[in-house]
Amino acid sequence: MGELVRTEISKIPYLHIFGRTGRCKQPLPLFFNGSGIEVKVTGSELWIEIDTDCDNMEVWVAGEINGALISRQMVMPGKQKICLFRSQEPTEAKTVRFYRELQATSENETTYLTVESLLSDGEFLKTDDYPLKLEFIGDSITSGEGTYGSLADTVWVSMYMSASVNYATMVSKELHADYQLFSQGGWGVYCGWDNDMRHNIPSHYEKVCALTQCKKNIDMGAHEDYDFAYQPDVIVINLGTNDNTAFDQPEFTDPVTGVVHKQHRNVDGTYDKDDIAAVKKAVYDFVTMLRKHHPGSHIVWCYGMLGYALTPVITEAINDYRKNTGDNNVAFINLPNTLEGEYGSHMHPGYKSHKKAAKVLVDYIKQVME
Amino acid sequence: MGELVRTEISKIPYLHIFGRTGRCKQPLPLFFNGSGIEVKVTGSELWIEIDTDCDNMEVWVAGEINGALISRQMVMPGKQKICLFRSQEPTEAKTVRFYRELQATSENETTYLTVESLLSDGEFLKTDDYPLKLEFIGDSITSGEGTYGSLADTVWVSMYMSASVNYATMVSKELHADYQLFSQGGWGVYCGWDNDMRHNIPSHYEKVCALTQCKKNIDMGAHEDYDFAYQPDVIVINLGTNDNTAFDQPEFTDPVTGVVHKQHRNVDGTYDKDDIAAVKKAVYDFVTMLRKHHPGSHIVWCYGMLGYALTPVITEAINDYRKNTGDNNVAFINLPNTLEGEYGSHMHPGYKSHKKAAKVLVDYIKQVME
Amino acid sequence: MGELVRTEISKIPYLHIFGRTGRCKQPLPLFFNGSGIEVKVTGSELWIEIDTDCDNMEVWVAGEINGALISRQMVMPGKQKICLFRSQEPTEAKTVRFYRELQATSENETTYLTVESLLSDGEFLKTDDYPLKLEFIGDSITSGEGTYGSLADTVWVSMYMSASVNYATMVSKELHADYQLFSQGGWGVYCGWDNDMRHNIPSHYEKVCALTQCKKNIDMGAHEDYDFAYQPDVIVINLGTNDNTAFDQPEFTDPVTGVVHKQHRNVDGTYDKDDIAAVKKAVYDFVTMLRKHHPGSHIVWCYGMLGYALTPVITEAINDYRKNTGDNNVAFINLPNTLEGEYGSHMHPGYKSHKKAAKVLVDYIKQVME
Amino acid sequence: MGELVRTEISKIPYLHIFGRTGRCKQPLPLFFNGSGIEVKVTGSELWIEIDTDCDNMEVWVAGEINGALISRQMVMPGKQKICLFRSQEPTEAKTVRFYRELQATSENETTYLTVESLLSDGEFLKTDDYPLKLEFIGDSITSGEGTYGSLADTVWVSMYMSASVNYATMVSKELHADYQLFSQGGWGVYCGWDNDMRHNIPSHYEKVCALTQCKKNIDMGAHEDYDFAYQPDVIVINLGTNDNTAFDQPEFTDPVTGVVHKQHRNVDGTYDKDDIAAVKKAVYDFVTMLRKHHPGSHIVWCYGMLGYALTPVITEAINDYRKNTGDNNVAFINLPNTLEGEYGSHMHPGYKSHKKAAKVLVDYIKQVME
């Protein structure tokens, strides 16, 4: 082993960053699940220096060597070094990815994760190109909730979420694509699963990571406008599941404004006309917002992994958008529903369901990119 | 073995008939793929007496014992007896299904298949109940085209079509359901793959089997109004694939009327506004027609096994129908696209693709029927 | 369609024959399951003229086009023509295989199947080469018993046996190999499942097909010495399952000689020393016989698809043979046991079990042939 | 969260220990891969305090909640606390397993792993019973080498070994069994892959963990006689792969004694008679040794996951042992070879191969235990 040299993360040659970041590059905040770094490096040993904090939602991280998942672990508060590999053949180049497993944790004032530096006795080489760029926007499904843990586990804790077992990561790996995730469990395109009107993705989408309330993250630019420098070839939106749930949940009172909200069903079980129209409008408006920031992206709304109930309203919005704007680079597809035996923990899609969805999407994206 | 007794098919006790029939029950015409008979019978031996004719499109038939496919064969013209089982334990009841593999063969003046009688040395018992009733309406996919034959086979001959390897049959078996098929390769909801305006399913749907031009079939009532006595719980429509193909095919001149038709694309590749509106109207009108004849059925339009191109127009039609009528018992879902390695002969979905589609539909129908 | 020309089977150019035959080539008897013919032929239509008879064990046949199974059917007594394809593109070459599904049916005085001629409007071309040659020797597993029919079917009738769904055929297709089958349900290497000493494969192996007692077959040379002109690269023996069963069955009295036989277990359940030694000797002697006739073949004894009980005695015999003779071109491997969910009818290995065994053998044979 | 209470590991109520241990229970050494602890505990939070050291072969550990793998990580030298869960529902019982991923690391003077204590705010409940007891003895396959990492990874480092993805663990979980592993990569039943005569498992088997040379481990009793208090129902031996490799490797000179050893092949490629006889004797003697310590265990020698070459000699030894001793509670089965697409890193069996082997063994053990 040669001597380990510490290099600030912002000074690493050829560093590939996954996921949204803001103006702060030193330290490098990892705001979302799937956010991470990749290097190609020789040497016998590589360490990463991170800093993290949490209250109840601790951060989990994953490590890969040459595309294979090697480690997954919880990280406890404090600045710390994690060894990413050691005792390797020094002259051989290793592609190493390190990323956050935990979603952005909305309204959390404590949780953050930053990369400070890498320590290496090797040389940093040019990383692989990812000519294809993807973005995935979603809820708990895209946050990988349920992809770890047993069927019996029903507590909502961070260990059951991931990017490592996640259709978004599977798709990106299979297509050798760069990708970004923007997802929050329980949120919808119009409102949260519990009728909380604040919990809609579009209202937070234009900031770097407005989901977090952690001061440290905010100081690093999380609440600033996102620059949309990353222009994905394909944007996958996987939202609607919580908007549907809201119709079956009690009303929600905004703790700040006192405003009460509830999505209603008619007595025959159908959706209230105005309430469902609001969902439709939210879909329409979100596509409009996405198009504004990504003029060249193919936008596909994916829906169905936890039931097909909102297909009519989502397709209606997408179809209206296409007709009104003449923008046909927007589409809708169903992802296959999660069947018995395909669930993970917390009654969320498990490995098999994510695998199935990934196959459909890989095929879809291949056809779009032809 | 006891003595074989011949019983006319119309006099078989507890006979279960699959598929549409008209007024003629003796002989019993099998018009569609999947059309057939089922009996539960003791005895050591069972024969079926059939009559058939063909020109280039010969009929294929399949036989099952206790739910397992045992035989599949071509039948050549003429009245003939086929042995369905023999040397069996006489006292044991066997459930035997015999059905047509070949679709209704539109515009064919020769092809027919009738069941004349059964010859048995046993006793006919009450057959299984099929409390769930399904109907599948489609094109070559639902006609099972490509489900037999090798990937290299590209000739359009009847041996490559089936009901035995077919998502519709898989779904019905898995759900222990009665079912009917109404499908024709190359046809659409609005026009055929080659812009032939006559080749739309709705225009033929209200007759028993207007697809056939065989005089013998017509004499048996094929062209008469269908009575819709069979009221399915769920109607699966799998149409649109050929409507999309028509946009990329040359114009078609009706040989009788001389009228020329062509679905157009704009120069940018998008669909011509009027042409696509006509497809949408056809979807809308067909759902309206289906609802008229089946007031209680859940109607689901399935689409995607050979690409998702028409999803926007189909969903638009379905959504409009739901809104205008308030009839929410109509839905749309994508079936997963056929991936590499899942094709059968003639670049049509093969066994693996049908299996995959069946899983999605089984799950969907289970949820609908809850 | 051109005019059909009838050509006697013995005069078909480039005819490929699968399976053992004797001196009679016109008509061509198909003695074993998997025995059949293959041609590569142009033309729009092809018929095969066969002759067959049966009592309780009717013959089943299967047809393939370009390697894909197209038809499987029972054939009833009499000379008859079966159409193998029709309405095909005349100029295109089709590879067509036609073969017997039913094993040789020991002690049966009636059952036979011959190929008389082919009727074609095309030209017979050079068939594919099969540089690799295989032979499979076995019992009901190799006779494909249980590969058709439902789990509930437990009657011993010919429809449940096959070559079409059979590990031997799967292996041969995967390796693009010529192959021969020699198998008989219920038979062993030393004695039958019921202690019938006549039912051992080695005693019949040196005749063309001594299993049959049908006069017509005998007249065609079935009981004559086999010439062993076919020299397989690999011989797979899958015997022992019935030898093990015999230990748990009552004694058997030879109806001709009156001699009583029974394989015994000791009171502690272990095999009687002399009885098991006789099995071992039979294994040893059969390998010796096989080597005599096939000096260059790799011989592998496969065992385990219905339990591993006789592994010790078979390996002992194989090991002794290797040591005593210095002939190391003889091996033993287990095939994986049939697990729950992998059974077919009659509690025999089903499709999944045959598939699994085929994978192991394909890999094994590839390594041997390296 | 309640207050965390630290309890020495030896004082944890109902502690279930996996794997061999010696006299030292405080701290509790985890010598082998798969060695670990299991508790059933309420509370919101659980930590484990461990101590570890390493030179080039660092220890990896894995954590499970309710039977599902949650974490896998490298641990760096020093006493440290690892959080096993947090933020859980306090009243709910969680079954938590923590175990070593890395094999015993022979001849290593530094590497050890001990469990010092658990820190919990809950109550320790009675853990699940494991009425079935298994033991697995093997080489790199049983050490899980290659079960992590990409196909391209060929460096021999500890991160690519595991108990978490390992047929032994899969079998034990599927059968809800307690289990112990005793394995060392590169070792054989007679000699190591490189002809190192010291690297045979039997010579180390009777000590607790003679594989380790770490003084701390030795102080905790690693080199003392093992008490064989754990009496497995079934012992699975998966050895022979390296004994075969030795025949193709150069001679090895013992660095201490200077003695040179080499397993030879004859000029025709067959094994030298004396050298192979030595392997056979080693098999025989090891079974004898195992029987001495485990009078009631079923002993099954499994072989084949990396080729079948030594099947003859292993079966010969097993058969001789059975005959000479009359002990029929010893058996041999092949495990299926690793096929293309089933390899993991370092050309060792990957996940799919381990899964396949596990299925065969689960079935085998079920039958043995009937």
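Letters A, B, C and D mark the chains as written, and numbering starts fresh at 1 in each.
In this text, contacts are C-beta pairs under 8 Å (C-beta built on N, C-alpha and C of every residue); 3 or more make two chains touch, one makes a residue touch a chain.
No experiment lies behind these values; they were computed from the predicted model shown.
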Query raised in the report: By label order, what chains touch subunit A and subunit D together?
Result: none
Report summary line: Note: subunit C sits from subunit B at a C-alpha centroid distance in Å of 38
Query raised in the report: Where the CA atoms of subunit A average out and where those of subunit C average out, how many Å apart are those spots?
Result: 57
Query raised in the report: Where the CA atoms of subunit A average out and where those of subunit B average out, how many Å apart are those spots?
Result: 43
Report summary line: Residue ranges of subunit C touching at least 2 other chains are none
Query raised in the report: Which word fits how the chains touch one another: line, ring, star, complete or other?
Result: ring
Query raised in the report: Among all the chains shown, which pairs meet the touch rule set out at the top?
Result: A-B, A-D, B-C, C-D
Query raised in the report: Mind pulling up the subunit B residues that touch subunit C in the complex?
Result: 56-58, 60, 65-74, 76, 82-83, 85-89, 92, 148-150, 152-153, 155, 157-159, 345
Query raised in the report: Can you list the residues on subunit A that touch subunit B in the complex?
Result: 270, 304, 307-308, 311-313, 315-316, 318-319, 322, 328, 331-334, 336-337, 339, 359-360, 363-364, 367
